[in-house]
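One chain, chain A, links the two complexes that follow: it is found with chain B in the first and with chain C in the second.
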Partner chain A sequence: MSQTTAQTTGHVMGYRLRQKLAKYGAITAINFQNQLAYIWDTLNRSLFIIFIMFIFAQLWQAVYATRTAPEIAGLTLPGIIWYLLVAEMMELGKFRHDLKISEEVKDGSIAYTLVRPYHYLAYHFFNGLGETIVRMALVFGLGLPVVLYYAGRPDLELWQLPPILLVVLGAMLIDFCVLSTIGLLAFFTEDTASFRMIYQKFVFVIGGLMFPIDFLPDWLQWIARLLPFHLTTYAPARLFVDFSWTQFNHFLLLQLVWLGILGTILWVQYRSAARRLAVNGG
Partner chain B sequence: MVRMDWLKQIGIEMRFLGVLVRLNLASAMEYRASFISQIVGMVINNSIMLLFWFFFFDRFGEVRGYDFQQVILLFGMVAFGFGIAMVLSGNIYQNLAYLIAQGRLDYYLVFPRHLLLHVIFSRMNISAIGDLTFGLVACLIVVPWRPATLLAILTAGLLAAAILTAYGVIAGSLSFFWGSAENASAQMFGSLITFALYPDTLFSGFSRTLLLSLLPAVLIGAIPAQLVRTLDVRLLLALLAAAAAGWLLAVALFSLGLRRYESGSAINVNL
Partner chain C sequence: MTVIEIDNLQKEFEIKQKAPGLRGSVQAIFRPVKRRVMAVSGISFALDPGEMLAFIGPNGAGKSTTIKMLTGILFPTSGSATVLGFNPWRERRRMAYQIGSVFGQKPQLWYHLPAADTFQLFARIYELEETPFRRRLAFLIEAFQIEDLLQIPVRKLSLGQRMKCEIAASLLHGPRVIFLDEPTIGLDVVAKQQIREAIRTLNAEENTTIFLTSHDAGDIESLCKRVIIINHGRLIFDDRTSVLKRQYLRRKVIDVRFGEALNGPFHLPGVQTLKQGTYGVKLAFDTEELSVDQVIQQIMSGRAFNDINIQDPPLEEIIREIYQE
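Moving on to the complex of A and B:
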């Protein structure tokens, strides 16, 4: 009797999980198609990568030309150029849902979206995923010719791609937690753009976007490695150019720890914000 | 007599533009907290970018003749020129492209004022006040406080702003020909600023020619900074010539495009 009940419960849970996956998968697919429908617009926005990769190639060629050793902090010139392409892909491919959340909070439309049959935060993640897949692919694809010209083929094997993509997913989840927290701050403060800008700048300097954090002074490197910013940019880019299982395990573990911390903060903030929500009908 | 009328007309237009800028500022200051936070935010933003260069030069020393002090001056001059341009005439590049594409020039067309100047001076970019302040302070940190140098900062900043504005008008005017050039003009303008913030000695050959012509980044960053450092009159003349050529081209393109302009059918209320 109890075995049958357990089986039935298991079937129901499995069915619900499949339904949820299908629902959120459909949200991702719809936004993915939407991005493809406006592909020229997205392509236009991504053209910046060509210029920035050209500038980076010139800058780092000049730096490496002054060195006698072919490597700086374990990175060769082709290595750093590839590193910067992946780091830029992570930054430029991000979805900016915090703006949408903050707008929804300010104009009150969050009241309508909260009653829809999906979880508000999960919706934003899966919706953004559809956008980010297209944007990352475009940024990578557009930057690729410049990088191939200056750095040649990457020192990467095919089997390394799945673990790198797992770290990319972890990076996106951490970024999602931080940006959602920033977006929900609109419940407490009117302007959230400045918080976002500060977060972005942290990613720029101690997150490894402008250069790998290995190039920072030791004391700052130590701080940067403790904070979550480098897990959104440096981690996937460094793994891409210099893969090792030790490094992969280290990044994944850190990502899980930070996801636990940031996820808890987000959850507490979301529950508190939902309670603060005042809807005036009319 | 004709010359007097011409001068009088310029005086009237200048006074009108002055009033527009004052009104834009007064309107922005109505929301005091937002006004201050945007400016302070931009100063912090720019300072963090300089932090990157600090760590870069701390680690790698001089690169192609540039050290940290020179990069501060370069960054300062670009920010100062950009700040002046966007504070005075915030309706350039993608904003101008948007107005043209949406048929929103109708509102400006009915006024007996110079159309292009009226349009671009009708908006003030508040965060650009932060750029302007940051740029000026950055320059003053690394240059000697001599009257000639201070005058050079002001002149070079104004000329860089004139070149930037002309470029912004050219980029925005593409909407007359392409239907909508919001993204393209934003890309053009963004690329110009990005290239301007890097040492010009990194680029040579074709790319350097490009940065002096189609994407005149050197003219808004490296050359103004060099002018402030060396006080070389030839550089001043070069900037003057570039600003004049840029404006001639901008006015010609805007006027040519205006002939193709079609009003929007949307009803807009401008308060």
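Moving on to the complex of A and C:
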């Protein structure tokens, strides 16, 4: 009898799980559809990548030409060009969770998004995911011809993609935690844009967006590796051009640790925001 | 069983104040001046299943604040409330499956996508099975007459068309209570009528409880049997719509058109002449002082008239009268 109960429980749990997956899957899908609905706008915004990659390739060619050694901090010229494409893909593919949440708070539409049967934060992550997938694919696809021309094929095996994608997911989650925390500040302060600016500048310099953090002076590199910014950009890009299981384990572990910390901060912030929620507008 | 029960509900906001100008801005940083505002100060009432309640009051009276507490997005300062047996702010997510809300001034449909896509999304969010969802959708399409609108991107719909889709979206999961916050704001007469008709159908067929706030007297008169009026966060009226009309509806306005031209000014004792033309007059009187019968007899005496029209003042006027007291 207990076996049947267990089976039934298992059955019900499986059913509940499928429903939850369908729910959050649909939330991702609708923003995916939304991006496709005006794909030309998204495409126009992403065209920028062609110019950046062209300029970067020229710039680094010039830098490497002055050197006798083929590598700088373990990266070859093709390596760094591929690195920058992946780093740019991570940055340009980002969803502006901060903007979305603070807008909801300001225009009061949170009155809708908060009273539906899903977890508010999970809703925002999966909603952003739908847009990020489209934008990342576009940035990568548009930058690809330039990179192939200057750097040739990447030094990458197919089996390395799943672990890299896992780190990409970790990067998105960390970014989500930081940006959502910033977005929820809208409950306490009028303008949250400045906080996002600061975060972005950190990602630019010590997160590995402008150049790999290996190029930084030792002391700064030490600080950069201590902070979470490099896990959103540097980690997936570096892994893409120079995969090793040691690196992978290192990044994934660090991501998990930081997700624990940033996730807790976000959670506390969310609880206190919900407590003092004052929906604007009438 | 009651559907909504509110007991001495209060909500106090803290508002930061800033004196005008740069000096005020600097002062506000170091010594913020906070003012406490009672948005809702101790209201109590209960609602039975299938009741249609008009919850009205001027801007800033605390209507929306009350709705937000009942839907669980605002914590009250004190007091208690239950909606369908749930504590709204503690059991918000479980309650969410059974309540629906429409905010007339806030869009929920995805702007660039057809409404059908948002409907699909909501079906997943509310975990609706395919067959009941289809059946429900067919019912709502019929009730709101939105068959031809569902495949068009929302941005291309007119306001009236969009609102019908917005409301239908909030009803997909078959909520037992619906909170409608200004659902007909800015709509033309036809769209308003269609929406009222659909809400009436829903209430008649599914015994859905309706909690409506509106500035539109027509919405209230044509939908709700019961009216609650709040002002400055306090409940000032809670009774049947007809009682409201009887108490504050003592003034009647009569329009008369005569068969022949009037000679000289028209005057009846106790009756105010609002307007006089060659063939017609517009009169007003208090039913406490004169009966309708008496007034009509006086008008009829010795004159032939083509048309007569007796009107109640619009609800807006009644509301204004209560506020003035």
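One rule holds in what follows: the second predicted complex is superposed on the first by the 265 of 282 C-alpha atoms of A that agree within 3 Å, B and C clash if a C-alpha of one lies under 4 Å from a C-alpha of the other, contacts with A are read in each partner's own complex, and residues count from 1 in each chain.
By definition in this document, a contact is a pair of C-beta atoms (placed from the backbone, for glycine too) under 8 Å apart; a residue touches a chain by one contact, two chains touch by 3 or more.
These numbers were taken from a predicted model, which means no experiment stands behind them.
Asks: For the combined arrangement obtained by superposing on chain A, do chain B and chain C clash, or do they fit?
Replies: Here chain B and chain C can both sit on chain A without a clash.
Asks: If you stack the two complexes on chain A, which partner ends up touching A:L148: first (chain B), second (chain C), both, or neither?
Replies: After superposition on chain A, A:L148 lies in contact with neither partner.
Asks: So, A:R275: does it touch chain B (first), chain C (second), both, or neither?
Replies: second
Asks: Just chain B (first), just chain C (second), both, or neither: which does A:A137 touch?
Replies: After superposing on A, A:A137 lies clear of both chain B and chain C.
Asks: Could you give the angle made at the Cα centre of chain A by the lines to the Cα centres of chain B and chain C, to the nearest 10°?
Replies: Taking chain A as the apex, chain B and chain C sit 80 degrees apart.
Asks: Scan A:L252 for contacts with chain B and chain C and give back first, second, both or neither.
Replies: neither
Asks: After lining up the shared chain so the two structures overlap, which partner does A:D191 touch, if you call chain B first and chain C second: first, second, both or neither?
Replies: first
Asks: Which partner does A:I265 reach: the first (chain B), the second (chain C), both, or neither?
Replies: neither
Asks: Report for A:G25: first if it touches chain B alone, second if chain C alone, otherwise both or neither.
Replies: second
Asks: Between chain B and chain C, what is the shortest CA distance in the superposition, whole Å?
Replies: After superposing on chain A, chain B and chain C come no closer than 6 Å at C-alpha.
Asks: Go through chain A and flag every residue that touches chain B in one model and chain C in the other.
Replies: none
Asks: Enumerate the contact residues on chain A facing chain C in the complex.
Replies: It comes out as residues 19, 22-23, 25-27, 29-30, 33-34, 37-38, 107-112, 114-119, 275, 277-279, 281-282.
Asks: What residues on chain B touch chain A, complex-wise?
Replies: Spelled out, the residues of chain B in touch with chain A are 33-34, 37-38, 41, 44-45, 48-49, 51-52, 55-56, 58-61, 63-64, 183-184, 187, 190-191, 194-195, 198, 201-203, 207.
Asks: In their shared complex, at which residues does chain C touch chain A?
Replies: Touch residues, chain C against chain A: 13, 59-60, 63-64, 68, 71-75, 92-94, 96-97, 99, 101, 103, 105-108, 110, 112-113, 117-118, 120-121, 124-127, 153, 181.
Asks: Give every residue of chain A touching chain B within the complex, in rising order.
Replies: 41, 44-45, 47-48, 51-52, 54-55, 58-59, 62-63, 66, 190-191, 193-194, 197-198, 201, 204-205, 210-211, 215-217, 220
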